[in-house]
């Protein structure tokens, strides 16, 4: 498969040598060796089926340096446009590294930085890499070069949501960072996480976060992620969640890209259903413009039956942007009584954007209900006329219809205060866009 | 008539696959293996002009450069094929230049009778003209004269190469180029026969044209090539059927079908594919690796593919439409049934190039036993295809808990005024429906057949009448032993 | 005084002439009914007045209060006071009925130089109107027309009409698919809106609706023309005798 991968890329040994690494504990060194072996073949190009719509050809040409070794990056405050999530504890990462000075106090929370956790506790060996497989190229890259991140071990019910704010910023050279967030739960525990990923203007950066979520029996993790891209950064994020019996995993991911956005965002979410009676909802929305490329890739693997999963994805495309949805629903042999649904709809707002969609069903059990739907198109002329016939001008009508189109996805956000925050961010995108043509 | 009694005996042994018999007939074969001299031999046997041989050789040389690059993306597994361990030419010894059917070897006539394809015109289904292809060659074409009077050319392609070289030269490889894919390239090098159809301007072909393919010989690959051209404003409905004897080894069938529809022309292409599927343990059966593609070149042209795929141990085929002409439309209706150890990876590609092009895809997959059944499809709307529309419906039905059903659609849109819509479902055969039927006194198998036929109805009803009835029976037979 | 004046209106759909010279004047305070068999251009007329795309006016005039409607876009016409109650109101998922109504109402108020109405006032207003019409007020929380029954859709149209207080209301086959109770709700809503400064054009296939909404004038449309006009008794004649007489012409 040598031809499928882009072998010339900046993440060689020279890059590794410049990274300020995590403590050199044996298990981690060993894990990193495996990871480096996985990516020795290179970064995925268009020939690799999972990356056919988002090949990393251009990325491989950028001479990234490890963010930790960039000494000309100075972030002193959280940008004001980061939304406030009512009641949430703010945890700030700059270029993937925890910043106590910008964060709220972590007192009383089951939350540590990855650096602390790795140096102080032995149980990290069983937590890092527990659910995220090195066979995913971005997980391997992250594992090879991760420097910091967060470890959240939830006992009981955490009432205050955690708001992780991840800021990417490059100095005079492009930087790359590979934070790892590990979330584990005890049986019956629950947690809500909101994440805001933004970049500061300047040189391109690569954010390569990996989030591992372990949902125990009867536990619940709700995670709401928003990625905003205004420049030409790469945001290649992978989430892998494992859900035990009666566990709940709800994820909502939003991708926004402005008029001048030229970047590439890929939000890849894998969920492995390992028990009966679980509830899984992985949904998302994207609104992109410029030449932004946004990719949602999901894999829901029902390894055990008797569970339900649901996916609702909606996208709005302007400018010459490119939207991708790849969704794979897998039902293993004997995973009977699985109920899995998946839908992706994309709306064109201009001549110029492109949409690629590949919803996949892979079903090896018979007593199942599985369905997917996909659609692409422009605004409906009957709906536009109906609005006009009630005196609503075309610009307002289009805005209402686009908002309504996205509302179906936004409605999947189970937490009302988060829903309001996300809806407002989406509305602001639509407003900035102005008179949709 | 030793052959007939032998045939009858063979048929008795075969319960589920009633076409599994072998016809005992003297055969002329080229030596085993594939090389330039085999290709020259085939070409010489067919008395082909030089340009045809050159085309074959070009394809063959290109195929050599492909090495082991067989397509690997389909969800099918099979042991490596040894292309040198097969015969590329086999023909009943009696030559195929019959002036009348009376000269055809009675064994062949009997074989086709057995298959339900009578070749004697007086016994034939009214209004269906048949080209019968036995192993590598066409043995009979019926209603030839009548069609000739209308200006329709319906002949073995080997004959058309000589009688209508200008048409063959112009269109052969124009839809599926020799370099298209591994199997199409192989076919271009070694194709032996197949049908050629030309419908003249403005003619609505009054009878269904049909080709019946039969693999008889052992260790033989069948590589037929079909080319249909519907000139401006014409219409034709074309049917193909296929069967093969029951054998323990796998046999390769790598066909290419090219359709060309000019302005306002319409082609309806129906297939009932019932190659030998192998036994319940997956032994034997045909590898059906087929490239079928239609070019809707003209304005308002229309192509409709209907396929009922019940046979073959492996099916790999994607009848597609290149929708080039403004307002052209492509339709794909498919029923694919897999049972036992069968594997099917089938679907379509609809490429919208022209303005206001339309496509419709209806796919019904039924998996039973330990089989694997995959729908794989592509809908691509290019930038200039203003107003394009696609609707896709893919449903899978599972019978039993050891089989798998997969749906892999690709939807790529580059035009904001285009609308694509895709829906897919997977579920098992409804226990409520089954019980309802059983309660009314049906056997389990009758009930399954009834329900599955209902599930497939939207596809089956697009078949010409005579075939629809056959297809319904076939659906029932293919699922025998899948429940209970 | 003349509210809506249609003069010798010709219109094409997809290159084919559907309206072949319609002339009609509706004075303020009047209720007009247009009846006729299917496919005679009744719905085309309502769409042309409302300004739908795909309807090409080849000649003639449509004036509202002496303003040229044909020069206005569909939304401008609506704000000028044209209301079309649709035969098949389109479903708009994701858009709540209340948000839609508020947007429409404020568009109209802005055009009239009135201040926008705030959320509280709007709710009060809608509650009053739904109560008066006997419509459950939770209808406004639902997505616009999504999953509404036939009757609910028509009632929602009447609610919108009541809120937007048009100068001229066109009811396009509003009675189709309604049971008698729903029909009465619709008719009551329309009758309550009748006033000296408002006109109505009711398009219907059957006389039934006209038992509840009594017209001042009845017109028969056939082949893209108005072929007969009369008082309310004409509707009864049509009911008894059918359209055959006019179709032959």
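The letters A, B and C name the chains in turn, as written, and every chain counts its residues from 1.
Here is the rule we use: contacts are C-beta pairs under 8 Å (C-beta built on N, C-alpha and C of every residue); 3 or more make two chains touch, one makes a residue touch a chain.
Here the structure is a predicted model, which is why all the values come from computation and not from measurement.
*Asks:* What chain is the most remote from chain A, judged by the mean position of CA atoms in each chain?
*Replies:* So the farthest one, by centre of C-alpha atoms, is C.
*Asks:* Per the contact rule at the top, check every chain pair and give me the one with the most C-beta pairs in contact.
*Replies:* Looking at every pair of chains, the most contacts join A-B.
*Asks:* Compute the distance, rounded to whole Å, between the mean C-alpha positions of chain B and chain C.
*Replies:* Taking the average C-alpha coordinate of chain B and of chain C, the gap between them is 56 Å.
*Asks:* Just curious, how far off is chain C from chain A if you go by their C-alpha centres, in Å?
*Replies:* Each chain's C-alpha centroid was found; their separation is 49 Å.
*Asks:* Which integer distance in Å separates the CA centroid of chain A from that of chain B?
*Replies:* Centre separation, chain A to chain B: 44 Å.
*Asks:* Would you tell me which residues of chain B are touching chain A in their complex?
*Replies:* It is residues 73, 381, 396, 398-428 of chain B that touch chain A.
*Asks:* What residues of chain A sit close enough to touch chain C in their complex?
*Replies:* 380-383, 385-394, 396-397, 400-401, 403-408, 411
*Asks:* Write out the stretch or stretches of chain A touching chain B in their complex.
*Replies:* Residue list for chain A touching chain B: 49, 333-334, 336, 346, 348-378.
*Asks:* If we count contacts the way the header does, which residues on chain C are in touch with chain A in the complex?
*Replies:* Its residues touching chain A are 50-53, 73-75, 78-79, 82-84, 86, 89-90, 92-95, 99-100, 103-104, 107-108, 111, 143-144, 160, 164.
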